[in-house]
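This report refers to the structure that appears directly beneath it.
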Amino acid sequence: MDLILEQFPIVVRALNVGFMQTLKLFFATLIGAVPLGLIITFGSMSRFKPLSYFTKIIVWIVRGTPLMIQLLIFYYFPGLVLGTPIWGSGEAGRFLAAAVAFIFNYACYFSEIYRGGIQSVPVGQEEAGLVLGMTKSQIFFKVKLLQMIKRIIPPMSNEIITLVKDTSLARIIALQEIIWAGQAFLKGSQGIAGAIWPLFFTGVYYLIFSGILTVLLGRLERKLDYFR
Amino acid sequence: MKKFIALLLSVLMVLSLVACGTKDTSGDADKTPKTDMEYVKDKGTLIVGITDFAPMDYKDDKGEWIGFDADMAKAFAESLGVEVEFVEIDWDNKVMELDGKTIDCVWNGMTLTDEVKAAMETSNAYCKNAQVVVVNKAVADKYQTVESLKDLTFAVEAGSAGEKEVTKLKLENTPVKAQSDALMEVKSKTSDAAVIDLLMAGAMIGEGTGYADLTYTVSLNSEEYGVGFRKDSDLAAALNKFFKDSYADGSMMKCAKQYGVQESIIEQ
Amino acid sequence: MTVLEVENIYKSFGRIDVLKDVSFSLEEGQVLSIIGSSGSGKTTLLRCLNFLEHPDKGVIRVNGETLFDADDASTQKESHIRSKRLHFGLVFQSFNLFPQYTALQNVMLAKELLAKERPDYKAKKKEIYEEIKAQAEELLRQMGLENRMNNYPHQLSGGQCQRVAIARALALEPDILCFDEPTSALDPELTGEVLRVIKELADKKTTMIIVTHEMSFAKEVSNQVIFMDDGRILEQGDPIEVFEHPKEERTRHFIGSIKSN
């Protein structure tokens, strides 16, 4: 116990640094994947068949393969096959590659949720907008979007909580997020070797963060309770 | 209008795919291939793939990478006239990191196994090591010979020299992700024993560590450390020469003494 | 004055012919009721008038202007359809109110969006908004909903929802207001309030086309009745005539079956 108390400040400092990477990856993914998902949705719902099939195949591939493999492919493929690494060196390059892979992966998942949301808005809403002389984009933004958001918040909340934990997969391309930081003390780092508890302690960070998100998303859900 | 945008989008997507394909072939065809040395000198940095592994590569109080390997790598980069950059990698992916050019060498107390030699261009050996069996102190007396190990279950790092040794001896074993995970297996009693590097065992187990109740007994083999480069890289030969020079002028030994590995250094 | 002329409209979905050679006209301030069994093409006809469907053949003219001519591609430009739709208002069977907006906002929304296209919108933003709001409030008051303006659709009864929908359609001041079975989705005790509102509109000489199953209401309120059967207009004329002395056997049969219900 004394040993842990002694190690605690050093470990927490290292875990904080790792958790910043985790948070950066989390928010970068969210900021990129939320709009990209919408573009993919429009692609897969397009009446232009080649585009719709193409998008659906991409979504199938991305959702049908493990994110871990996608991370490896995104990061190593350019250097392995094209001969030039494109991501830039060091931690920043790894972060960029991880963020791009995460954004792409999550955008595909989000796009399917969006599609469900869009299709769950009754046709009558669009027709009512049309006969009132509204344009398609007015109908989308002023009429359907909020109804769609209301319907997708529960499944999106699930995905977002999953994303918090999925960020740890980025350690496969040696992004030094919090799990990596915790594991470092197992092997030995900063004079602490063979310490198991830091790895388990990372769970506390995940718990607190996903707890905060759950509360915030629940609040958003309640905010849209005013209509049905 | 909508159809037009849709068409445009799909054309763009197809084009980007085609572009990826053509870049590949043109890259191979019209450029005269650069040697690895020229490649590194052109970009001005030698990217060294490492893991946090005292006393070879680890961080000092200021967060700078130090250690016997790290200091030698700095000196080697200086001799080439390039900057050095240390990058922590996932040990499992070291070959992919090299071939993908996200690092230029693996310089991290790497055991020269047949697999490593097949996948990389390796330098001459510069440091001796052994694979040792780690067990609980309480039972250590019973397991001082190779013959006594046959009833134990082992945890070993996947792809490590240790895994090779236990497999050769036909001992029951579980591959885990890292040497540290193997130690955790023993501590949590999910495995009876682990096989790890002697250098690492010296640093990580025994009094004053998180593994105070573990100790190491039998050495299964002796082995040697080397530095790995991309296959056919001319940097390996350059490093061999650098090793020879720095052994001759005593700077290598001086560095080794600083990190307490002088006993293990191999004459160049 | 003739507001609407519909000539030789044909429409089929795949192999099913839904409308076959439908022609009629409507005078300003008059009410036209369209009756007929389900699947006879009444709703499709209304949807064609509101450009939710494109007729395969035929001509639609409003106030002498050709809005649609199947033989003239220039009348079918996607970009013009929006403004053409504004000649018509449509009240749906299932109301189709926007659930996230209050009754008042439902009535105001389309008009506000249209106002944004006015060149003087930026300069007179506030006045325009006040004007639209005053008009919407007046419409809701006419519908007897002065106490419900700030309620959301899910807080309103079906009859109240339908009255909001009528106000919403009226807000754009269409030349012709269309109703697609406006009371079919309502509990029987709520139909009266909606029919009363439509009757008041008729009294104010609002030009209307009403697809309905309420025979006695159709008879009372309309100036003209069309009986449709299997995509054709089988009979049309004065309501008394069609209801009391139908010429066709099928009309007689249909009216008889409705009465006995």
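Residue numbering begins at 1 within each chain, and the chains themselves are lettered A, B and C in the order written.
The criterion applied here is as follows: contacts are C-beta pairs under 8 Å (C-beta built on N, C-alpha and C of every residue); 3 or more make two chains touch, one makes a residue touch a chain.
These figures come from a predicted structure and were not determined experimentally.
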item: Length of the shortest touching-chain route, chain A through to chain B; value: 1
item: By count of C-beta pairs in contact, the leading pair of chains; value: A-B
item: Central chain of the complex, centres being mean CA coordinates; value: A
item: Centroid-based (C-alpha) most distant chain relative to chain A; value: C
item: Rounded Å distance between chain A and chain B, as computed from the means of their C-alpha atoms; value: 31
item: CA centroid of chain A to CA centroid of chain C, Å; value: 47
item: CA centroid of chain B to CA centroid of chain C, Å; value: 77
item: Residues of chain C that touch chain A when the two form their complex; value: 50-52, 82-83, 85-86, 88-90, 92, 94, 96-100, 109-110, 113-114, 152-154, 168-169, 172
item: Residue ranges of chain B touching chain A (in the complex, touch as defined); value: 2-3, 6-7, 9-10, 13-14, 20, 23-24, 27-28, 45, 47, 51-54, 58-59, 85, 87-90, 93, 96-97, 99-102, 178-181, 183-184, 187-188, 200, 203-205, 209-211
item: Partner chain C, residues of chain A touching it in the complex; value: 122, 124-125, 127-135, 138, 142-143, 146-147, 150, 226-228
item: Interface residues, chain A side, partner chain B - complex; value: 3, 43, 46-48, 50-51, 54, 72, 75-85, 87, 89-91, 93-94, 136, 171-174, 176, 180, 183-184, 186-190, 192-196
